[in-house]
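Below: a set of structures, written as structure tokens.
Two complexes are shown next, each including subunit A; its partner changes from subunit B in the first to subunit C in the second.
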Partner chain A sequence: MASIDLDGRRIEIREGDTVASALFRAGVRTFSRSFKYHRARGLYCLSGDCPNCLVNVDGVPGVRACSTPATDGQRVRREHGWPSVERDLLSVLWRLDRLFPVGFYYKMLAHPRRAWPAAEPIVRRVAGLGRVDRAALPPHREARHLHPDVLVIGAGVAGLAAACAAAKRGEQVLIADEGEPAAKLPPGAARTRAEALLARLRARENAVLLERATAVGVYEGPLVPIVGPDLVSIVRPRRVVVATGAVEQHGVFAGNDLPGVWLGRGAVRMAAVHGIAPGRKAVVVGGSPETAAHAEALARAGLEVVAVERGHLLSAHGRRRLSSVRVQTAGGSERIRCDTLVLSLGLVPRDGLLRQADGIPAVVGAGDVVLPGCSPDLAAESGEKAALTPATGERAEDVLPEPASSGVLCLCEDVKVSALELAWQEGFRSTELLKRYATVTMGPCQGALCHGHLRSFVRARGGGTTAAATTSRPPVRPITLADAAAGVHIQIDQRTALHERHLAIGATMEWIGAWKRPERYGDLLAEYWAVRRGVSIMDVGTLGKLMIGGRDAREFLERMYPCTVSTIAPARVRYALLLNESGFIIDDGLICPLDDGRYYCTLSTGGAEQGEAWFRNWAQYWGRRVDIVNRTQALGAINVAGPRAREILAPLCDAPLDNEALPFMRQLEAVVAGVPCRIIRLGFVGELSYELHHPASRSEELWDALLAAGDVVPHGLEVLRLLRLEKGHILIGQDTEFDTTPAKVGLQALVGADKGDFVGKLEHDRLSAIPLDRKLVGLRFPGAAAPVEGAPLLVDGTIVGHVTSSRSSPVLEHGIALAWLRQHHGAFPGTVAAGGLSATVVNGPFYDPEGARLRA
Partner chain B sequence: VSFLVLCPHCGDRPYTEFWWGGELPQPLPGQASTGDEEFARVWLRRNAAGTQVEQWYHADGCKRWFVASRNTVDNRFDGID
Partner chain C sequence: VLEVFRADATVVVCHAEPALLDAVAPPPGAFACRIAPDELALVAGRGAAQELETRVRADLSGEEATIVDQTDAWAMFAVRGEGAGDAFRRLSAVPPPAAEPAFVQCTIAHVAGKVIATDGTLYLCVPAPVAHHLHSRLLESCGDLGLRELPRGVFEPGEHAP
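Showing the complex of A and B:
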């Protein structure tokens, strides 16, 4: 016999059972404990709209028992009760309600400031709906993209009629239902109609039915994500028909949340679909066209039925489950003993998705969601119409006629009417404010039951426009984070080919834009002195690298760069800036002409994609014959730097590297340790250094060969920042701002003075005529200390700038910085104070100003 | 936001594959006849609530730029060059 396990107890299941129906048949009445007060909660809506049957199924919390098919071997746990959901001592909180008024965590735990951090773990343990197993890795979920002509959400009579009508016209139709279509309807006209439509639809080849697939949101486009049991469908239909139906109206009165209180359609579903009598004696509170049918269905299931008019129900009573109700009579009031109270009060639209679609064309409602309580005939007609005429705007209002005066208005978040009254007195006087303050409508049901009550509460207090519907947002049904991440495969960090090598020698990695780079390997000073006194290597494979060829390559680059390009001979390299049309620096890098007329251009780390887009835009605009290949990922680069760089590189290299063969700012192609390299001699760190650009597939063997060459220590980013600062080299983005011109950072020499047109020339020329008010300068501090980056510069108590980069220099034995400095009383100050230290303003590199070490 | 962008080379693709290149400057580069026009071209934007002519770059596709006119209110495209 098939069975499921409930908290260690074996429970038999039958064909067609949901988890909820199996548990209910076995006598379970308390399914969960409420969010705040730990009230016992039992089955209520049976349509997936309320939070009462949320249980943990096979380790997943927050699963709706009423919408989950029971399968053999399932492990069901009721959560959030202490010691158990059946006997929960924390239900005493209901009696201590006065201690926890609405918003208590804002009021009572605000002072002293330590109060909330101390209380938070307790509050979090006590409140809530379940626990996530943090050790369990969520499964990867796949996503697919679908592009039907028409998407129909909800396979009731209206939805099926819409799908059939669209399919008949030859359109591709996708119809999704969160359960099995027709299965939750009791026998009757609606079910017969739905089954007939379903048979017609299934005969159509151009219609696809997704079962147990929940549409969780409507985005512009329109785009509708549908979470199914196996995968998530991302649907971009031309038109959407929302046929999500209606929910039985939630009843709000004292005792309304006791187990044994049911919504009409829920009780009937238990009796007529699952064949289980919800109790022995039912009081049916009526007033809707369906009331008589509900009473009849319950009587047929063997219940003794007492009918009570809407408005005559006063309160429900019982300990842990319903035992009686009090109703109004001609002479006063009367108590009726019963174990079941059925609320058959009419329908409110289940319109969360439709409200999300406000302003999105081509989304239309059909059936109960726009005509709550309509007949099957009317629903079918409405569906057909919606499928054929994409008219919009039809909406049903969900303001309820009379406001509730007591009871639990929001079951999910345990918000009582009295809590809303207090919040109203405190000044939260609109639906949106009450929503945020009291969290009403913000639970798992997303207002499916309580939204109309909230609106009537506000309207009854004279709120006109403040009683407007609150904004509906995705997801309308609970989803897991795995669902939200479905289909995501990308690795979120970019890595160079040497990533594993760095980790293997203990590097601390750091985010640089999308890249992960080694921050340090261990001893920073050892890394530093290796560059300044010995030899060191660094992975600079993150540099942007573009290969630019084609007939017009030279002319094109001449117009892209502010420096002269055509005069750079092959074998030479030039450091260059890129300007935008405003004349501001957007990136820097090298221009390396190749023998065959192509150019190899480097960009800063993180500048590759933007740089490539920038180059392509202009190449296209000018209609130039230029081929641009982004080789950033394909090529690795390792910088070999330090006074001993040549000494260790020369024996590995098949070409001479002496000063005559490869002087400063030159390049050549050679083979190093068997790996073909473009060797570029330059000096960002201020020492003799060679950048080896090579195929990334061979980075590891080159790296290993260099490390094995004798006493070679790699250095990371932290040391690089210090080394380049000693040379006064700027980092684009750190030392520059969005409106930095070459003149402001002392790089005016990189703009060709008598050059023809280039991007940014007009603005550059115009800005050059304006005297500089601000510029980037060097600061030299007398002692080893340096102020923090960002520290303001002061002259006589006036702020005249700020520090952009600062370090203590080991080789110079004093603090250094780059800083933006403003004119003060018509001149740039020569001394400033920063971080409590006095500094001298200097120009040019701090270290080796003549560049002798670069040319060594 | 979740709209599709009609790339003239690749067809309808999700907007996440594209970079938005901002309003198309008017007049186009190199076509300003006065200093004032050049200034307006580089610096001034309409920032319209409505139809706006823009540059788009299909970064995760054909890597080509195109000009499209988009309604900034509802993200509908009504013309592509």
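Showing the complex of A and C:
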């Protein structure tokens, strides 16, 4: 026999059982403990609306037992009771209610200051509806995107009729129901009608039925997320029919939350669908069209039924569950012993989704949600009409319940009528304010049960317009964070064509912007000395690379860069800055004119995407005939650096690489190890260097050939940071700030002195006339130590700047840094302290200041 | 059977005045993708860059244009068979192309990509640096659809390519 495990107890299950029905059959009456007061809670609505049956199923808290099918082997845990849900000592809080009035956490424990931090963990532990296993990673959920013509939410009679009508017309129809269609309905006219419509719908190829799939919101578009058992569907239909039905009127009176108090349809569902009598003797309270049917169904299930008119019920009583009710009689009041109280008070629309869709013309309601309590015929008619006439704008009549004077108004958040009274006295005098202050309607039911009572409460106190419906927001049903993140993959790393090669030789990878790049391969010093004394290679394929062509290419670049472009002869390259309109540096890179009149421009790794957009925007703004081709992904780049770089490279290259053929800051096209390359002679690391730009698909071939050339050690980013710091080269973003001008970083020479207009010229010229109050300088420390990056610079105890880059230099044998330094008493200091170390301010590169090694 | 494979393709892009690009006719075996009014991409099987470039230059009759082989910039995955549309729905917010041949630009697995629908196959193109991402998304997101991975293949635009 199939079974589930409840708190270590084996419970048999039968076909068609939900977790709730299986537990109820086994005698379980207390399913949960309430949010604040730890009141015992039993089955109530059986429609997935109330919070009473929330249990932990297989480690997932907050699962609605009444709408979750029981399956063999499930582990069910009732939560939130101490020491157990059956006997919860914390239920004493109900009697200590005066100590915890509404909003107590705003008013109490404010003094002393440590009181609330100390109390908060206890409050959080005592309150709530269940616990998430924070150590367990949530499973990743997938999402899919669907685009039907018509989405029908709810597969009752109205929803099925709407789906059939739209499908018959040839439209693509998607219909979603949070349970199994028709399965919740007791035998009768509605179920017969629903089953017939369901059979018709299943015969349609253009209709898809999603079972156990809950629509949790309606957004503009319309866009409707539907949380299913396996997938989250993001649905963008042309039209939406909301046929979410109605929920029975919640009863609010003293003792209304005792186990044994049921809503009418819930009690009948337990009796007629699951075949389990809800009790032995039931008092049925009502006056709605369904009341008689409810009483009859319960009587057929073997219950002794006592009917009581609406308004005559005074209170319910019992210690851990219902034992009696007090009703009004002609002569006063009478106590009736019973174990079941059935509230058949009429229906209120389950209109959370429909209210979210206010103002979205493609969303329309059908059935009980706009005609609460309508007959199956009327529901079907309403559904067909909604499917065919997209914008009826029909809404249910705004009928509110009688204002309650006592009892629990909000079952989810444990808000009593008396709590609302107190909040009202404190000045929270509208539905929206009461909602925020008392958290009424903010629990798992999202106001399905209590919203009308809240409005009625406000209206009874002369609330007028402040008794308006509160704003409905997604999700209307509880969802997990995994549901909310379904289909989302935030960390998408970009990899160069050499990624696998790096991993194969043990590289530690690090994030640089969107890229994953080698931080090191192992021995940092070995990498470092390979560059300074031998030869090393580095994957620099992440550099931004743009091809600029078109009739106006030269004029365009002349206006984009602050340096003069027209004087760069083919075969030469120029290091250039990019400025924004404010004259501040936003990126740097190379300008390489090509033989055919086009230009090959590089950008920094981090600036590639923004740089491309920057170029395109200006090209469009100026209306220039410029072709901008992003070559970043298409081309790989490997830097070969070190005193032996030429020695290694020359035998592999079909062109001479000596100083005459390819001097510093020149370029040529050649074939290296069989791979066509643009070779650019540079010196970012301060040594003889050749950047080989080549088709990315040939990167591995080139890399392997270089490594095989003998004694070549690759180096990663960590060594690069040190090498360029020794050379005094800046990193945009690390050594620059948002308002860095060329003059502030000593690169004024990169701005054409007598150049015409360029982006940022106006502000650049204005700023150039203002004396510098701060600038980027070099710091030399007497010992090998260097302060941490970010360390403040001090002069006589006054902060005069901060360190942007710092390292201990192996070749110089002392610590070095770049730092922002501002004037102190009218002059730039010559010595400063940083991180407890004294430093001398120096200008120019620390290493090879004459640049002889670059030009070797 | 739902199948996926990495497809080798040649991509040649041509930037020119829109009116000039209107006159470019893709050669047999190539698929024309209008990326923007002033940008056209011709996609063909492996090793066709030279042929495509020559053809485009001929169609442009010497008019000014920037023609670049961007083959290495893109990674292409072919998805075909029953459920190809369902697989696409797991990856993109736009509906799969309703008819063939078709070219769509959209995000695929959160990455800016391009889709070519031709000959019963959806060719999904993303920037080469995120090829591994689309590959893993295809296998993980569509695993329950019975997706089967095949050895590397070639882009085949079919007879009705535009």
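The definition used in the following text is that the second predicted complex is superposed on the first by the 504 of 856 C-alpha atoms of A that agree within 3 Å, B and C clash if a C-alpha of one lies under 4 Å from a C-alpha of the other, contacts with A are read in each partner's own complex, and residues count from 1 in each chain.
To be clear about the criterion, a residue touches a chain if its C-beta (ideal position, glycine included) is under 8 Å from a C-beta of that chain, and two chains touch if they have at least 3 such contacts.
Fair warning: this is a prediction, and the values are worked out from it, not measured in the lab.
Of the two partner chains placed around the shared chain by superposition, subunit C is the only one that A:Leu635 touches, whereas subunit B remains out of contact. Of the two partner chains placed by superposition, only subunit B is touched by A:Tyr219; subunit C is not. Of the two partner chains, subunit C is the only one touched by A:Ala143; subunit B is not. Once the two complexes are overlaid on the shared chain, A:Val63 sits clear of subunit B and of subunit C alike.
Contacts of A:Asp627 after superposition: subunit C is touched, whereas subunit B is not reached. Shared-chain residue A:Cys601: touches no atom of subunit B or subunit C. Once chain A of one complex is fitted onto chain A of the other, the partner contacts of A:Met547 are limited to subunit C, with no touch recorded for subunit B.
When the two complexes are superposed, the chain touching more residues of subunit A, out of subunit B and subunit C, is C.
When the two complexes are laid over each other on chain A, subunit A has residues 236 in contact with both subunit B and subunit C. By the touch rule above, subunit B contacts subunit A in their complex via residues 1-4, 19, 21, 25, 28-30, 35, 38-39, 42-43, 55, 57, 59, 63-65, 74-75. Residues of subunit A that touch subunit C in their complex: 142-147, 230, 234, 236, 487-489, 492-497, 499, 515, 547, 549-551, 598, 625, 627-635, 695-697. Of all residues in subunit C, only 13, 15-17, 38, 64-66, 68-74, 86, 89-90, 92-95, 109-111, 127-130, 132-133, 137, 140-141, 144 touch subunit A in the complex they form. Interface of subunit A with subunit B (complex): residues 219-221, 223, 236, 359, 361, 581-582, 609, 612-613, 616-617, 620-621, 757, 759, 762-763, 766.
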